[in-house]
Structure formats: structure tokens, C-alpha cells
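Labels run A, B, C and D following the written order; every chain starts at residue 1.
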Amino acid sequence: MTRENITIRPITTEDRGAWERLWQAYLVFYKSSIEADQTDRTWQRLNDVEFNLHGLLAIDGDEVVGMTHYLFHPSSWTDLPYCYLQDLYVDEPRRSQGIARALIDAVVQAARSHPAQRVYWLTQEDNSTARLLYDKVASPTGFVQYRIAPL
Amino acid sequence: MTRENITIRPITTEDRGAWERLWQAYLVFYKSSIEADQTDRTWQRLNDVEFNLHGLLAIDGDEVVGMTHYLFHPSSWTDLPYCYLQDLYVDEPRRSQGIARALIDAVVQAARSHPAQRVYWLTQEDNSTARLLYDKVASPTGFVQYRIAPL
Amino acid sequence: MTRENITIRPITTEDRGAWERLWQAYLVFYKSSIEADQTDRTWQRLNDVEFNLHGLLAIDGDEVVGMTHYLFHPSSWTDLPYCYLQDLYVDEPRRSQGIARALIDAVVQAARSHPAQRVYWLTQEDNSTARLLYDKVASPTGFVQYRIAPL
Amino acid sequence: MTRENITIRPITTEDRGAWERLWQAYLVFYKSSIEADQTDRTWQRLNDVEFNLHGLLAIDGDEVVGMTHYLFHPSSWTDLPYCYLQDLYVDEPRRSQGIARALIDAVVQAARSHPAQRVYWLTQEDNSTARLLYDKVASPTGFVQYRIAPL
């Protein structure tokens, strides 16, 4: 199966159930959980055209099989902003079928028409499955992340 | 010498010369250069209270010895935004005197009063000098960065 | 009765019922109505710390008796942004008790600490009751509004 | 002469001289003046793609004959933001030739593709010349403005 059958489209308010299933599976993958009111808030932000958080779904037939969230922020290095692809998830049984790649491609398209200067994302150093794909579609930058949280 | 002599304060329009010296040294460290009009633009953004790009300088006596830039962006995971510390530089002869740490502490303070949920930054995996400090003041997240650019 | 008994505080997620009662009465005053999903969206925006729409309530004892919404936008004329007080409503039986004035004062305080350069609002030319108050607390600018809508 | 000869296009960094001549004439019309550093700041904002302040010029041949500035802000009443046309000016000898109308039309186009829900502006109640035009292209809303400034 190839990604030719996959459609990528923006999240709409009709997609709550399908989106939440993927969102929760994604959080489980990261051994995380967030409170119900934050899930509500993220959902509202994704559906508010005026909020700087955007979501795309991957659809196969009438089944939602993947999702991604992205946002824009300025940079001291460039005129145009950067596009940060914050979240990406594909249903486990649907991995290795080009769905993640189709989602990334669609974010690149959205960033290009924003316009933004780049798309970037972060992944766990030891997530070798994901990195097999990322090494094909993008350049590892050699940068690692540090964090101070909570404040 | 300790950082007790160091003052951290916001960039003002008076600081152009001192800031640009550090900015250019920082770019050289990254084997990068950017065009003069982008340096102008970044300077204007840093000095525009309405623009989401902020700068701090480290001062020793009347000498400017370090700088940092930071910005805020929303997150799908949290109510409060994230604070991205994008740039950090300390004059080479003034390294290991607590100046970088004082700059990071000041960004944490600014992020706390914004308020933001976290401060994060990226550094080159092989920058072992910087990572000695970062491992003390922050947590490595195990995340590495990928990038598609330019679009 | 004076406004000494009145407390002004930010809207919280607990206030939905009280807020919606005032919001609907306000819309009726303007012979308007908006769809339920827009009321939901406005409510979510008011409660999202990252969204540029803020709300205050006037409380008397445990009764919510007034509300106001405000937002910030840049200006070509000033460094600091303007604060636009978009909506203001006080329960009809509670008019002329200083409640509207207390709400405006609280928006001025919020704008001052934002910081913003000014607070402004619009009112119907023939709303003589409201203008009696507005002429006391603010300056009429002599500007009238034109609109092209919908696009 | 009609506006068929008039081209409307975004401000670029090449236009500083022409823009500043119109901006100063506009300020004189309002019996106002602003400090040189605010004019610099407004110019930088107009030319920063990431800043919420946009400018258009009206060109006749190689002569710049009019200008307008606009920005977007959210609204509690609508999903889409409002577009506020803050400044509009046409060279005095070039009035009544359709230039102001062409500038307003171009802001409406920009707002439509943003997308925004409406375009609005404010004008002095006694500016009967301007209002002759505005009454043709837009609807007076019957709203007058109040202001508290400076804070």
C-alpha cells in the first residue's frame, strides 16, 4: 500500500473523536498524559482560525489514520518565521505506508504558503524507526535540546 | 572572578555597537553569516516592545560581555506558552565566569513573569564546553532536531 | 448604593452561566444575535491565556452584575499598542451605581500594566445614557466609524 | 482623470522617501506630529513581514500619490478577525480622482484573502469631503469613539 490513497486535510470541529483517539495514543507513546481540560484547550486552539496552532489529519477512505500539529514563531536569524511541527502521529498498524511523510509534506506546503523560512521538528534520539524516515526527508541539524521546566 | 559583578539588563537602542560585535562573533562561532539587512531587522525587532523577540545583555562595569535572545510560542501540550532561548553568546575571554548562567537565569525570570511554562534551547551535540554548563542548569531532553530549509 | 461594594475580577472557567446571561442581554441590547458556536468560541478565547481577548466581571456579593471584554492591537502612531474595550454591559437594574465606571477603570489598569498607550471604545451616537458616563471618564474623539462587511 | 491609471502595491524598503512625505502630510492634516524615532519604528513595522502593520501605496506613473496602513485584531463577535484601516492619505492635488477608493478597495482585497470578517475605519465627524466618499463605499455604523490617553 502506498500513500496514494491518503488524503491530508485540515482538522475540523467534526473530527473531535478521531483526533482524540490519535492524540491519546500519541501521549501514551511518550509515556505522558495531560489533563482533560488541556486536551479541550488544545482542541479549541486547533479549531480557532485566529490561534497559532494548526492541525492536519491523514485520511484513508473514511478512516482517520494520522495527525500533525504545527505553529509559527519568529526567528532572529531570518525575515520569515520558522514553522515548528510539534506533534506527529500515525496509527501503529498503518506505519511504513508513507502516511507520516505525507503529513510532513503537507506541513511543508502550509509553511511555504504561510510563508515561513523552514519547517523543523524534534524527535527522541533513540527513536530509530522515526529517524529512518526523518533522515530521508530532512536534515538532522546536530542540535540537541535542553529544558528548564516547570518554571 | 565570579558573576557577582555581572549585571543583566534588557537591550536598549543605545547598545547597537556592543550588541553587533557579540552578534557577529556568535555568527562566526556557528560558521554563519547573515546579510546586513537581516541584522538591521533583528536589531529593530529586539527593540520593538510589540515584537515577539527579546534581548538581554550581560554587563561587567561598562563593558558588554554577553547577550541572549528569546521569544515565546504556544504549545499543544500546555496552557502557558514555551519560551525559546534562541541565541546565547559570551565573549571568549570571559567564558567560565558564570556569565552564560546569569543570562539563562535572567531568561528564566523573564519567562516566569511572562508567564511561560518552560524555557528551552538547542545546542550542537558536540559543543561539550557549553553542555558542561547546560547539564548543570537544565535537563537534556533526549530530543534531536530535524529541519527542512529553505522551503 | 455606590460601587464600593463592587469587585472587579478576571473571568474564569467557572463563570460560564453568569457570563452568558450578560452576553445574551448585551446582544439583545444591540438587537443582535450570534450563533451558539461563536458564543462557545468567544468563551474559549476569553479563557485562553494565550489568546488576545480578555474579560472582566463585576461582582456584587456573589452576584455577577456586569462584564467587559478588551484586546490589544498595534498602532502606526505609537510604540505601545492600543487597548480596545470592545464590549461593556451592566445588568439593567444595576445601572447608575458606578459599575460601568469600575469596569472601565479596571480595563485602564490592565492596559497600564500591559503596557498599552491608550484605552478606547466605540458607542452608538444616540446612546445618551452611556455617553453621560463616557463624557465624564473619557474624551470623545470626534471620530465616527465606517465599515465594509461582510467581505 | 480616473483611477484606471493608478496602481496599488505593497510598501517596500525602497519607498522610504515617498512614504515619509505622505506620512508627514497626513500628520499635518491631523494637526499632529510624532517623534522621529516613532516614524522610524512605524517604517520598520510596515516593512517587517512578521509585524501586524501593513502598508499600501498608490502609484501614478512613477509618482507615489497615496498611502494606507492597516492591521488585524480579533473580535468577540466573529470567528475571523477585523481589519482596521488605520491611516489613509492622498496627495492634496490628486484628490477626487478615485485614488482613496482604489486604496480602500485594495485593503478590502487584502482583508478578504487574510481572511478577515470586515474592514473598518474611523474618520473625523466633520471631515465632510472624506465622508462623501465613505458614504458611497461603506456604511456609517453610527458609532462614535471615546478614548482615555495617555495611561
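Rule of thumb we're sticking to: contacts are C-beta pairs under 8 Å (C-beta built on N, C-alpha and C of every residue); 3 or more make two chains touch, one makes a residue touch a chain.
Since the structure is predicted, the reported quantities are computational estimates derived from the model, not experimental observations.
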* Of C-D and B-C, pair with higher C-beta contact tally -> C-D
* **Chain pair repeating A-B, as identified from A-D, A-C or C-D when over half of the contact pairs by residue number coincide** => C-D
* Whole-Å gap between the CA centroids of subunit B and subunit D -> 37
* Let me have the rounded angstrom distance from the C-alpha centre of subunit B over to the C-alpha centre of subunit C, please. => 38
* Cα-centroid distance, subunit C relative to subunit D, in whole angstrom -> 27
* **Touching two or more other chains - residue numbers and ranges from subunit C** => 41, 45, 48, 50-51, 74, 79
* Asked: Residues of subunit D touching subunit B in their complex?
  -> 13, 37, 41, 44-45, 48, 50-51
* **Residues of subunit D defined as touching subunit C within the complex** => 34, 38, 41-42, 45-46, 51-53, 69, 71-79, 84, 86-87, 104, 108, 111-112, 115-126, 134, 137-151
* Asked: Once bound in the complex, which stretches of subunit B touch subunit C?
  -> 48-50, 74, 79-81
